[in-house]
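In the two assemblies presented below, chain A is common to both, partnered first by chain B and then by chain C.
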Partner chain A sequence: MSEADRSIVRLDGVEKHFGAVRALTGVDLSVAPGECLGLVGHNGAGKSTLMNVLAGIFGPDQGSITVRGVDSTAGYTVAAAKQQGVRCVFQELSLCPNLTVAENARVMHPALKGFGWRRRAAELIARKLDEVFPGHGIASREIVGDLSIAKRQMVEIARAFTVTEAPADLVILDEPTSSLDSVVAEQLLAFVRHHVAAGGACILISHLLGEVLSTADRIVVLRDGAVVDVRPAADFTRDSLVSAMGSVAEGGVADGDGFTSKRRGGSPKVRARPAGRTTGPELVAHAGEIVGLAGLAGHGQTDMLIQLHSARRKASASLQVDGPVSLVAGDRQTDGIFPLWSIAGNITIRSIRHMLHHALIDADAEQEMARRWQQRIGIRTPDVNNNILSLSGGNQQKALFARALASDAEIVLMDDPMRGVDVGTKQEVYGIIRDEAANGRTFVWYTTEMDELKHCDHVYVFRDGGIVADLARDEMTEEKLLHSSFEAA
Partner chain B sequence: MIATLLSPRFLRNALPALSLTVLLLAIFQLQPRTMSYFGLNLLLNLALPIAFATIAQMCIITVNDLDLGIGSYVGLVAAIGATWLNETPLLGVAALLGCILIYAALGALIHLRNLPSIVVTLGMSFVWLGMALLVLPTPGGTVPGWIRAIMTLKTPFLPFTIYAAVAVGVIVHFGLMRSAYGTVLRGAGGNPRSVARAGWSLLRTKVTMFALAGFFGMLSGLSLIGLTTSADANIALRYTLLSIAGVILGGGEFVGGRISPIGAVIGAMTLTLAASFLTFLRLPPDWQIGAQGGILIVVLAFRAVINRAEARR
Partner chain C sequence: MAAARTAARLATRLLERPWLWAFAAAFLVWLATIIFTKGQGGGEILSAALAFGTFSVIVGIGQMYVITLGPGNVDLSIPATMTFAGAASMKIMATQDSMIVVGLLIALACGAAIGVFNYGLIRLMRIPPIIATLSSSFVFQSAAIAYGRGIKIKPPPSLADFTTARIAGFPILAICTVILALVMTVVLHKTVYGRSVIAIGQNARAAKLSGIAVDFTRFVTYVMCATLAGLCGFVLSGFSGGASLNMGAEFLLASIAVVVIGGTSVAGGFANIPGLWGAALFMFLLVTMLNTFGLGAGIRLVMTGLIIITVITVAGGKSTDR
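Then we have the complex of A and B:
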């Protein structure tokens, strides 16, 4: 196979599991010099996992990694990947905020040492910044923590292309343009073409289909941890790419049939405008509605939820929340569970104020509530008094749902709560949410999964901290969602 | 020019030096006789051991850990210095090297087992104290002549302490802030994952920083007994909190690898002077520790104000 010999990196049948979640289920992929490979897929299709495998951070559970025709599966570590010229720009920024731009270049390059390394590092990164982003306005002695997010991302991208000892043959860019404005993003894509024309290779992971279609030579479509389509970019159109990515390309995200607006009368339960905005659309939610917050991750959705959650203490004209509120956290480990407590304790914490008996918690009422919700929501445990960590991730998340639903909250806020939850559990929880909404509860649901939006009556698309679109279920399509998420400012 | 001088970043960096200057001027005002070679020597001679201990603490804070055992460790070094190092120098040197190795091993343990450093070092503080009591059960001992000679060196123009403190600050500044590997060490405090992804060993950075802490802790103990001429296991217990206060006062932060070696030395001197300042104010000793805390709070409040001004920008 001549192509196998030519390729820089080649994956065969790579699988990766995280507990019950199968992140990659047999991926074949190869990248040749002089090629830009586009990698697209929904949130959770396995792009980031695949990238971590290529970077040597996760070893694959199954399958092989071949580097320049040599099987390197064993011992393919971060250092080995770097030595072979594989570089990554991760989606979450990975610069050291306490160091200067030049010092961050040094961290990446062991060769920058000895007398005068500071000057050499500064020149190296400044030259690359000039090359990739002309007119960037970043001084190499600036502390990274003082830079704006966009500038940090520019530094990180430029750093990935700098070369001292090891080559930069294959640069993997994960959502590189997510915080860049359109002019700077164009500069980057032009540089990627330039890099590829000079014999390098790139893997471009992006939600921006136009960007991938115009820049990549070949596009790989991932879905549920497997490659479902590979074709030259010229053979794809935006529509065919979308239909390859998901099962929802034709028609709406949801079927609009039978959609009846719940907004016929009465005042809304929630009315809010994003913080810092005085004009523009408001978020509105009525009783019994499920309202989705969509758009790219980190564009103000979580801030909106926090704003709603603290509305009781900080009421203002642009913020009206009518009724008790409860929040279902998305990041279980940091702001969800109490890891030392029992399942029962985790479920009832939101409600113990109503279970007081002479200033002490009524243990029987607490147990009763925990048991009732364990059965109602199907938490798989022999005993609710077991430690919360004895549950699988999906069941821990169910406990967090139980905490919110068991409370007196009329408005339930959800901060992308299905991250890393298996499919079966998701379906159960969707059912519970629909039932509770039918009983009159209001849900405000931030989600990064397109599929989940089809459960929503109304979807608000966020971009740059503001609301840019307000779609009712019967007018919601994936294209509209993508369009408003990515429209140039 | 004025804009630069009033910019939050400059103010933040200048704050430690500014507070030291203000304190020094206040002392000169209260007691003009301190404005002499002899007076400065009396004011500052205990600053050097504290400066070493502060640098040791700063090494640990660089990698997002905290050392609650540095005070009793300094006490152990003092005990070894006043006994074995004097009587059987070879054994003394071996024991001190062994202490540094134990520090390095602590760093490895904390990294490999992912333990909270506060717990490990707090536990070790009792181990160090116990060892010090075994080596030197009652206060006393004799300090080797050469340590005494170094610490009582008569230097021209300014007391030895000042030269030594400046030298320590500058050397550590070049080692941690300017050198190539020092950058990686600080990076490991700022974003460990990114440093690991760049192919560096986090174990090595942690072991290096803990070993350095052990080394500077040793210098602290030896310089201390050079001044006191005898040792006591409990001689430096208060150094634990003083060193933490010194690092923070000098512009360092508990997490994120943001440190300043020169600032840390200045912080240690400020703390030393604060005690004298309160004595000159004729404040009763009962109130002095509380008042020292008050000075700390004032300086840190200034920093919080500056940081806020920066965030608002």
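Then we have the complex of A and C:
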């Protein structure tokens, strides 16, 4: 590359693995002064990992990092990255909520010391806020925890551009506009252009393709941990960008041809509108249906499942759930596993209420249920009375499936349950889900994997906490899904 | 070969029972004492340990259920509840035998009411349990002072007789408390409520998502703990010749110590009741041993602290590591 010699940071063949997960599989990337680089890709494409490598948080397993023409792979730490002028604005904001805006600015600038540091920090951040977000209405002495999420994001962004000792040559913005309204977002994008014109550099990571196309000079498309396309932004259109991001390989799982709607007569088992919405499409699921929740991560799918899970006690006009509900957690450690219990104890906890014999839990019934489901779902263990943590992650997940499926639940909610599950196990579980649906159970399945949506009779696409599309299986294509996920704001 | 495997399995199963350590420690301390006295008074010491340990076990059962609910859960209002329930019931009984049942019900009701108050502070006012129960203990300790006016109120004679009676050297109260402990063991492991307590202590979020009534379970647990404290205040007043204003004081530490030494996980989610008995006996026998050795008060307290730390490190470390 011609700009290689003058690039601020260059990555060559960077790989990063987490156990068996290959998050980055050989990424080449370079950013030059006076350039805004757009970075797009689907969930799990490796964007956040790449950013963490650039910020010095993760060291690469393979490949090299070159800063201003000097190989800095060894010793490229957070401090070194900062010293070299690389700044990051993270998606999960990193401000201290108990400190004021000025004090948070000081956290990044050790140079502000001695008497009057608070005043100098306040001036520094206020000046930058005025520059980036004119009319922001944020006082430097306000406690960050009291600010709205949008204002916190503004402070975080402005702070990344402030300069005392170390320069701010390359600022990486990860979903910077996710909480900003369109006016403020425009201000930011204009400032990014201004920063770039003045010889700085930016990496802009965003799911809003419109703003990437309009702001970036060059766009890098990541898929499955590798760069699949790099072109000047002018050579991309919205459609070509979407098709570059999506997986082109068509899986032959279940095609739309054999689709017959299960929605003939009868009242639905589930009818719900996302919390806080009074209009717009509803989620509907009938008996025997598998309903998918799609869209980008964190756009209200999990909230919808939690809402459905608690609906039996708090039914309302916009929320009807007809029948017992159980939930398969995706975040096993936080939402699913009881780590001190056996596999059997973990499977039966949802059902012990129906195993009472003279008000006491019947141990034989418990063992029987655990053994039956161990066989049925193929949990690989010599003894169901072993501790749950003796199982591999995939088998722990199977135990959570067994917990939900062994219960009396007519409606099974699944919160992206296949995270970190290997391919073989997935196929087995898909089969069981189809069988159970054929037996009349209803599944509501949030997934971030495109292939899994092909198992669903209906797919609801979520964006910003609401439903933006309802696709039946025979009309569902990857392109349609992506288009509605990224619909222009 | 088979025998070796059986022995190995037995050994691991025993090691999985942390209460064993508490009993072992109690036995060693007792042994050291009677070696020092050349075999004299061994039986009497045990009998006394059973009698005094009873009270720690009663409040320890409640505290254990609360602690098992998970990090941050503890009931510091136990001493105040004991004092308040003891004073109220003794005053209402006014030393009349005919009023004993009424007095018992009053004591239990006082406990239950304080438990409801505690959980109200925790749930409705969103105060952390440690602060909520501590502040409510100030309220009820002061109420007991205002109500009892600082005088020791005597129990009815039949109650005093019952709480100090023995069968073949075994205190009747201790026998009743063993039965209570057995019942509470069954409740812990074999009922939906008990399972819910353990599940919440391991992972409250997972418990909620598994359909467990988390708030209701926590409510029942705090009320049960305070009710047991009320019961303990009632029988302790009978045993020690009346309700006094500082009668609960030593049970703040004791109720927590027997839980921890007994092998219950301080992090929650793992409880065992037999260990409470082992720990209660150990605590009493330890003080007896140090007294028998004729050590001064200062040394005695230092030794007590050090030995408790040792036992917890040896026995308690394993269950929390898992």
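Quick note on the criterion: the second predicted complex is superposed on the first by the 380 of 489 C-alpha atoms of A that agree within 3 Å, B and C clash if a C-alpha of one lies under 4 Å from a C-alpha of the other, contacts with A are read in each partner's own complex, and residues count from 1 in each chain.
Assume contacts are C-beta pairs under 8 Å (C-beta built on N, C-alpha and C of every residue); 3 or more make two chains touch, one makes a residue touch a chain.
Here the structure is a predicted model, which is why all the values come from computation and not from measurement.
Of the two partner chains, neither chain B nor chain C is touched by A:A438. After overlaying the two complexes on the shared chain, residue contacts for A:I361 are found with chain C alone; chain B is out of touch. Of the two partner chains placed by the overlay, only chain B lies in contact with A:W117; chain C stays clear of it. When the shared chain is aligned, no partner comes close enough to touch A:V70: not chain B, not chain C. When the two structures are aligned on the shared chain, A:L99 is found in touch with chain B, with no touch to chain C.
Counting contacts by the rule stated earlier, no residue of chain A appears in both its interface with chain B and its interface with chain C. For chain A in complex with chain C, the residues that touch the partner chain are 309, 326-327, 329, 334-341, 349-350, 352-353, 356, 359-361, 387, 403, 407. Chain C meets chain A in the complex at residues 186, 190-192, 195, 198-199, 202-203, 205-207, 209-212, 265, 269-270, 322.
Chain contact summary for the complex, chain A toward chain B: residues 55, 57, 78-79, 82, 88, 90, 94-99, 103-104, 106-108, 110, 112-114, 117-118, 146. Within the complex formed with chain A, the residues of chain B that make contact are 9, 178, 180-181, 183-184, 186-187, 189-191, 193-200, 256-258.
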